[in-house]
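What follows is a set of structures for review.
Both of the next two complexes hold chain A, though its partner changes from chain B to chain C.
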Partner chain A sequence: MAAMRMREALNAALREEMERDESVVLMGEDIAVFEGAFKVTQGLMDQFGERRVRDTPISENTIVGTGVGAAMAGLRPVVELMTVNFSLLAFDQIINHAAAIPYMFNGQVRVPLVIRMPGGGGHQLGPTHSHSFEAMFLQIPGLLVACPSTAADGKGLLKAAIRDDNPVIFVEHETLYGIRGEVPDDPDHIVDFGSAAVRREGGDVTIIGILKMAHEAERAAETLASEHGIEAEVIDPRTLRPLDLDTILESVRKTNRVVIVEEGWPHGGVGANLAALIQEQAFDHLDAPIQRVTGADVPMPYSKRLEQSAIPHPEHVVSAVLETMIGAKPRA
Partner chain B sequence: MPRLSDSMEEGTVLGWMKAVGDEVAVGDELVEIETDKANMVYESDVAGTLVEILAEEGATLPIGEVIARVGEAGEAPAAGGNGGRPDAAPETEPEPEPAAPAVDEAEASEPAPAPTPPAREPGERIKASPLARRIAAERNVDLAALRGSGPGGRIIKADVEDAGAQPAPETAEPEPAAAAPPATAERPETARGAVEEVELTRLQQTVARRMAESKATAPHFYLTTEIDMSRAVEARARIKAAAGEGDVVPSFNDMVVKACAIALREFPRANGAYRDGRVEEYSRVNIGIAVAAQDALVVPTVFDADAKGLRQIAVESRRVAERVREGTITPPELSGGTFTVSNLGMFGVTSFSAVINPPQAGILAVGSIEEVPVVRDGAIVPGQRMTVNLACDHRILYGADGARFLARVRDLLEEPVFLAL
Partner chain C sequence: MADEEQTSEVRTPAGVLNSSRGRELPDGETSRELLRQMALIRRFEEEAGRQYQRAKAGGFLHLAIGEEATIVGTTSVMAPDDYLIGTYRTHGHAIARGTDPKNVMAELFGREDGTARGRGGSMHIFDGDRRFMGGYGIVGGNLPIAAGLALASDYKGTDDVTVCMFGDGASNTGNFGETMNLAALWSLPIVFLVENNLYGMGTAIERHSAVTDLSHKAEGLGVPGERVDGQDVVAIRECVADHLEIARRDRRPTLVEAFTYRYRGHSAADPEVYRDKHEVEEWQRRDPIEIFARRLIEAGTITEDDLASIREQVEAEVLEAVEFADASPEPPLDSLYDNLYVFEKEHEGWYAVDERTPDPFRGEREREAAEDERVRELHEAGAAYGGQSPRSGGGSGEGPAEETDAPADSAQSEEEGEVDAEQAAESRQQGPGGIG
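Up next, the complex of A and B:
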């Protein structure tokens, strides 16, 4: 175990996988010489050379398209898009090609491609750099979607993504790059896709949070326990596709109440999708409507105050939990 | 939700006569409300613009809940829900709140309200969480009997568990070998044959609740006496003979009502109520007359019966009975009673005892007039006798008081000329 930041953990994952498998290559804007806008690729060009760590022009569709072609030809490319907003320029390659090709060719061709993209708000980067598009990628069959919230998960999920034969959308939250955590040294430390983490156990309500909101959910749970005597169970799904619905349903059957927290928009969001799945699978275990806490239904504002008010905070999670708890009796 | 009758605890909005945005004047018919007793049109006591309707048609709310807002004349209607549109445009103050509405913590941690019987329309959907429904089904708890403590009165798990129902027998899990009945809504035929469940109307629910409440809380005792009705029969025959075309002839029951009214004026305790640990005595003598309606029991009131003549009592009692049968009786005509007379004599019932209509002190149960041999001055002669039974709430009307009151009623009917005084 070693304490490291998320960006160091991601860097370690890339480094270890590149050492382990020489078909792993990196491409992206400013990732080589500049070592990445968020320094995730620090030192990798020096170690592995310009052939395996390549700077690209500012042309996202081409970056992803090159990655798709390289993956089809037998490499395991990891491409970086400087923010999730820029991924919109590459939707043709992501959706029409990366996601569809394995189906179009009946699995004869694989696309073992990882597309990393930092997203999320909180740094005053305005509406063209700060969004949360997990729900959009979640909708597309053929893509796996990873959303790490801790350094250990960042490393374990990125290694799993690189080793997976499917195209993976790997969403990194900008605010979490500096978060510290204990990370296993084991070069085969893998976090399996489709395995949720129960961050905190509790019997009164299930709070599901992704990315930064996994942390806000934990903070809310602490407040709920200390100020309201409510024991919340906090679950971080870690990957949205595949989704570990079993762990979520097991918790819902225990608590009968659910609050889902995400930074993305409310309509057609991750929470909307989860709420639908939960009510389909555990309708008879719900004692209150599922609550969602989401980002505001607006393009991300630039102004610091407006931006902060457009992002969920622990007090919003606490309010939503209290709403679901109206009339409920504390557990003995 | 306005209080439209004495015993009303909640009301159901049947229909709005004004729409949001309409101008409303004082006295305008605003909304039709079903109370525990009748359907009533509520007239606005304020003027302005109806800016918001909070209780949709079919909604049942306790007294005092806000059902609508009337604002200044010309005021714009309240903004509706967002409905999925993007939030406020940039030039307006942006709504900082994300999807989760804040809830007042004090409100959230308030203890659940004491369970009181809910009142729902027959066939009205019961709001219950899926979990509460499942547990209720497992434990054979009737959701209709529960009041929900969740938001909007939703029945949640805690309410079902508080109902203290018996856990289902272990055989709830059907064993493969046993031919367990299918767990469907279809009720199996029982030893009593097929079971047809009939939902109670609101009125029937009220009757059921108030009668059970009366027997459970008012210590009843009963006094019975036989009244010689020969002079009353004679008097009524004379009134009938003298009656002109269209004149209403008082019935024997009208005479009983009048006799009770006179006696009640003289015995204030009998014209009172036991309420919240004290005795109330009323200045008006208002007699309720139990009238059988379609599948229901309604008690319209003859107000100030002590001050009214026999004929007027007859006219009024016929009119209110008629309105009960037509279903046009209004809550004011059903409230304010200080004593009740119940008469089953027309069915040939010679005597019975009745349940006090709370919070009144007593109820007089009147049997039929029977032609019987009676002993008068040592000789057996034909007589006309009527048995009456006075049920008294012992908390306010004691044995001797009740007996004196009853004796006075008897004396008045045996010498009906006094009814005219």
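Up next, the complex of A and C:
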């Protein structure tokens, strides 16, 4: 075990996989000489050279498409998109191509491609740089979607993503790059896709949170325990596709109450999807309507106060839990 | 267009530029105004950088210091009804178009009197009244929009021209190629102007573009171009005037490549590992404001005293803008949903599912109204994090768990401002450290 930041854990995963497998190549804007907008690729060009760590022009759709082609022909490209908002320029290659090709050509070819992208709000970057698109990627059949919230998961999931033969959307949260945690040294430390982490055990309510909201859920759980005597079980799904629904349902059968927290928009969100799955599978076990805590239903505003008001915080989670516990509309 | 015979060589640190542009000074009044505007933008940008260090402005801050001649030369020959559209580096473009620096500064501060009431921030300045059709945070996103503006002008039969400014890096986007072809095919009245400052973020032009003479990059798509010295305001002016004329009269798009340079980092947090200090210094010796001021003094258009008084005047104007921005109120929380939709006609149905504002949308009559008081309190609780978390680009270093422990960053005094700068630098080391 070693203590490291998320940024370093991701860097270690890339480094180890590149050392292990010659077919792993990195492509992205400003990842080589500049070492990445968030410094995740620091030192990699120096170690592996420009043949394997490639600066690209500002051409998102083409970068991803090049990754798709290279993957079809036997490489394992890891493409970095500078932020999730820029992935929108690459949606054609991601959805019409990366996700569809294995199916469309009846399995004759695979697309072992990883597309990394940091997202999330909180840094006053305004309506073109601050969003959370997990739900959009989650909707696309053919894609796997990972969203790590700890350094150890960051490393383990990224290594799993690189070794996987499917196209993987790997969502990072900008606020979490500096988060520190114990990370296994074992170069074969992998976090399997489809295995949720139970961050905290409790019998009264199940709180499900991803990325930064996994942390906010834990903080809310602490407040609920100390101030309200409520024991929450906190679950971080870690991957949205495949989804470890079994772990979630097991918890729901125990607590009978669910609150889902995400930073993205409410309409058609991660929570909307989870709520549908849970009520389909465990309706008889629910004692209250499932509550969702989401980002505000607006493009992210720049003003610091407006932006913070548009992002969920532990207070919102506590309030939602109290509502699901006693049906009351308590004060925050 | 430039007359081959009279071409002279202009030496820039990036090579020799052949140009016959900019030989003749404009009249005295125009010249003084060009100088004043460039000096105003320079001073505004310096101050914006300082206010960013003091955490008054957040997000990413992209300064155009060094590029003032390209901006002012261009806008100075545009007609009032011509459209201008640009990038995330456009505080100066708006100011040159006539937007009050006070409102631009207030936008950087995220305040009620900002150009977009704090919604857009530094990267998204807009002033419809002056036909500054926006700064855009998505590289290349403004190019097709420019084509649309020009299409509307053409369709309506006006002779307004659209000027579309973008960077060298943006010339690699799909939007560049697609827009050039369409604009040429449809004979749209556009002047494309690439502000070639030799870098797209931390990647030098030779590392990002196969063709580095950008004036020719769109030729195969039907858009011919001309390279001009972007540090010479007179040359730019003359060149853009000719190209505006081509668009207005001949109804066809052309491209101007202005050879320029940004002195500061890509954004305020850029450590600039990709270029060496000497290169920056070399460009600073051809400073657009300095060379133009010297030229005007030599020509007897202005005196040293005039220059000093211009500097004093812009200094006062910029400090006033800061004061104004600082005094402007924060946008109210219940304005969060303003302008998300136009509600002129009443539609039934739910528009949104969010309780942050007690009465967000019509059509939600069926929804069980949440208690106003509780909604307001939760909304406030969220917004309160805005007074606690460290400023953009820097988490506290340990992610959300520490956000509330981080120091308040509203600098009240100069000394506190310095502390903030240190904290900002520290948090950039440890936090997300984004440099977009």
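General remarks:
The criterion applied here is as follows: the second predicted complex is superposed on the first by the 326 of 332 C-alpha atoms of A that agree within 3 Å, B and C clash if a C-alpha of one lies under 4 Å from a C-alpha of the other, contacts with A are read in each partner's own complex, and residues count from 1 in each chain.
Heads up, the rule we're going with is that contacts are C-beta pairs under 8 Å (C-beta built on N, C-alpha and C of every residue); 3 or more make two chains touch, one makes a residue touch a chain.
Because the structure is a prediction, the values reported are computed rather than measured.
When the two structures are aligned on the shared chain, A:A288 is found in touch with chain B, with no touch to chain C.
With both structures placed on the common chain, the touch criterion links A:D164 to neither chain B nor chain C.
In the superposed model, A:M325 lies in contact with chain B only, and not with chain C.
Legend: residue contacts after superposition of the two complexes on their common chain; A:Y302 is shown touching chain C, with no touch to chain B. In the superposed pair of complexes, A:E250 makes contact with neither chain B nor chain C.
Touch criterion met: A:V317 reaches chain B, while chain C stays clear of it. Once chain A of one complex is fitted onto chain A of the other, the partner contacts of A:Q124 are limited to chain C, with no touch recorded for chain B.
When the shared chain is aligned, chain B and chain C each come close enough to touch A:P266. Set against each other, chain B and chain C touch different numbers of residues in chain A, with C touching more. Comparing which residues of chain A touch chain B with which touch chain C, the overlap comprises 266-267, 294, 296-298, 301, 306, 309-312, 316, 319, 329.
The part of chain B that touches chain A in the complex is made up of residues 82, 84, 86-87, 94-103, 105, 107-109, 112, 129-134, 148-151, 154, 156-159, 161. Listing the residues of chain C that touch chain A in their complex gives 58-60, 107, 110-111, 116, 118-124, 136-141, 169-170, 172-174, 200-203, 207-209, 273-274, 330-331, 333, 335-337, 340, 352-354, 356, 370-371, 373-374, 377-387, 389, 391-393, 395-401, 430-436. Those residues of chain A that touch chain B in the complex are listed here as 228, 256, 259, 266-267, 283-288, 291-298, 301, 306, 309-312, 316-317, 319-320, 322-323, 325-329. If you check the complex, the residues on chain A that touch chain C are 5-7, 29-30, 33-35, 37-39, 55-59, 61-62, 82-83, 85-86, 89, 118, 122-129, 174-180, 212, 215-216, 219, 266-267, 294, 296-299, 301-313, 315-316, 319, 329-332.
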